[in-house]
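First the structure, which I've put down as structure tokens, then a few questions once you've had a look.
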């Protein structure tokens, strides 16, 4: 339950990102602010003050001010407010995580149910498709697809997805994990099919569609629901890996992964730029995993015997 | 057993073929993308583009294009980079492989030791304090992005504490085993720990779950009725049966890693392994290099998957019948 | 019977055994005041419906109940030695070495990843100083004894390579491997088909004679009791309803519950006899009424049944029922229930 609370908190906070940026911090997290000056405690300070250490060359962004109202975590190499960026980036990361999780599970459940229920040819085709996608090591598939698509977009005549669209990472990440969910769903449907109540429904002349909807789906749903938080966590981690590699979210959009990427240049001077988004990812994923475990234990009556997180 | 092995390997070959076709399709035939520009790199001259088109038969039908790509990749082995003109791909990959293997070897030892012990400890002390504690660390371990973790490790060892506690920690890079075993291990220590943490978490959780499930099985009750010690029951009966799922997981994980999945770890710590190579290819959009790395990676995953299935059948005698 | 009255020459002497579990819904008394003796070379049958506590009673004696919420009281003497409350380590030498156990489902009773020979050898070497070679030879001998064909090669086969009946024989062989004085069989034939059932029972009878061990056989099937048991304990809701020699209990049962059990056994030699079923369902361990546990389902219940009847009787045949002998006489002369002669 705590984990649910944490998650909701994160979601709300990130949703409020624009509010923060405009009204509180008065900064634009997407525009360079190399020349800017901010007011802290009565003094004006440059956002990108000149270096005083070492050779005294170049500029170093300002470090964390720990003032909530402005540049709370300091600036990145383009003078942007890191905290505000993290809030905005959170929206993107969470959006990608949840939507690709949703899409992945939806598609996988449908495929799994169809393959498991209709068997034979349907099953063969779907299973072979799943095998192919699954045989491709996930990260390789995601990377390959991303390399091709992300930098130049997808143009299929009728379907037009721009290069910077978030839809690309969402769809790529979702499709890469479909076999992961579809296989177990298929297995469940297979064993369900043998059970008496399904046989009874078939014998009483119910249509396939009806059986799928009223008998099979309710029994598949618990397992699918358990998968959801776990998939979201997995997708968030995948997205951040792709973004760190430069083939995930593209600028001007930011996600936690891209911010980490930005922060690497400043790792030893302004470590918070890289530390903070990482911590956010860890917290959200831990919360999701604990939530996933909790959901699974809630559905599994034997879980009380195990008695742990 | 032999029949099973042969069948499994045959199906592995089939899958490899399919993957190669997929790779081909992705890189050469994604609709709406110009393949020549992809291969020749971002800033290629029209002449280079034309050459590429000719060499890869981009004007010919798809199957011929596929054949040409496989030919360049495997037979002539002269697939060369267009970004670093003339650099042959295959030798680069074979040179990078031992480094990746070194990384994986150490990480495997650490994660197996830690993961299995943690899983057993958690299962033995189920319900008491240490159980949720271990599981929490397990969850944390799988929630941390590996790349970020590596950076944090570097931050700690190379940053402020470098002059004091961590003065001995090298700043990345690789020293080959033949040159200096001690330096080899030292340079790989933190990469090993970073990579192992993720998997140790996974394995601890999986093993704990399996152990607890198996301890409720009937054959454990029989073992108790035989008068065996709890220790023996846990290790010889429950653990042995739980290892089955661990083995299949392990095989797949190692296969994926050998194929270059540790690329983020390699990049962070500056280890020029296959993953690092893949990353470079991505950075430069050096398509031949990426293709070579992807094929190499896929090969190992498929091989590992087949080996695991065969091993699985060896360990669990019931499977041989089902195969 | 009280604790001080332990039978001195019985292999197993149980007095006042009570097993209860603390659950969220309250205290569940799975076994409530069970007392009986098992003599040397004797077969004792414990019979009752599911949930009557028959299995729990035996498991708790041997420390096989691993629930943290259990509390066990009473006194159990095995060959004169108190075994209730023994440390786990001490218990381990009793289990398998002096008391053998076989369980209901042979399909899941053996560890799937080791050969049957390995598993028998494991038990042998846990309790005896033996070389591996000698142990494997002994294992093959045991397999032969229980009727497994080609034992020398079958010793190296895995459990899944045996059929259900064969697997149960392996389990029996394993349980007898250390020549235990007592063998406990928990529903050994329930999961098997009728023909195999007969074979297994016959095997057990034969082995009991050759090895000289006593057997406690737990079952819900009166037919099994009639086949193999010398003495019977009838249990209901964790309490003993009737105890006595098999002949007496079967031929002249005293407790109405036993009548019901006997009436429920199909008889091949009596035509057109409707099966008598005991009305109602087995009482839930949480809702045991004060007084006689069987009263709610008993067609002969009286007012006095609101008090718990003591276990008493003449000679060796005891029952826990308020019916007097005169009342039973009346019932016998009017009823057509089998076993009430």
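First chain written, first letter: the chains are A, B and C, and each begins at residue 1.
We adopt the following convention: a contact is a pair of C-beta atoms (placed from the backbone, for glycine too) under 8 Å apart; a residue touches a chain by one contact, two chains touch by 3 or more.
Quick caveat, the model's predicted, so the values are computed rather than measured.
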item	value
Labels of chains that are neighbours to chain B and to chain C	none
Far-end chain from chain B, centres as C-alpha averages	C
Distance-to-centre winner among chains (Cα means, whole assembly as reference)	B
Where chain A and chain C are represented by their mean Cα positions, the distance between them in whole Å	58
Computed distance of Cα centres, chain B from chain A, in Å	22
Chain B: positions in contact with at least two other chains	none
Touching residues on chain B, where the partner in the complex is chain C	217-219, 221-230, 236-237, 240-241, 244, 315-318, 321
Chain C residues within the chain B interface of the complex	62, 64, 88-89, 91-97, 100-101, 103, 105, 108-114, 122-123, 126-127, 158, 160, 171, 174-175
Complex interface listing, chain B residues touching chain A	15, 18-19, 22-23, 26-27, 30-33, 38, 122, 126-127, 131-132, 135-136, 139-140, 142-149, 151-152, 154-155, 158-159, 208-209, 212, 216, 256, 259-261, 263-264, 278-279, 282-283, 285, 290, 294, 297-298, 301-302, 305
Chain B-facing residues of chain A, complex	131-132, 135-140, 143-145, 147-149, 151-157, 233, 237, 240-241, 244-247, 257, 260, 264, 267-268, 271, 274-275, 278, 281-282, 284-286, 288-290, 293, 305-309
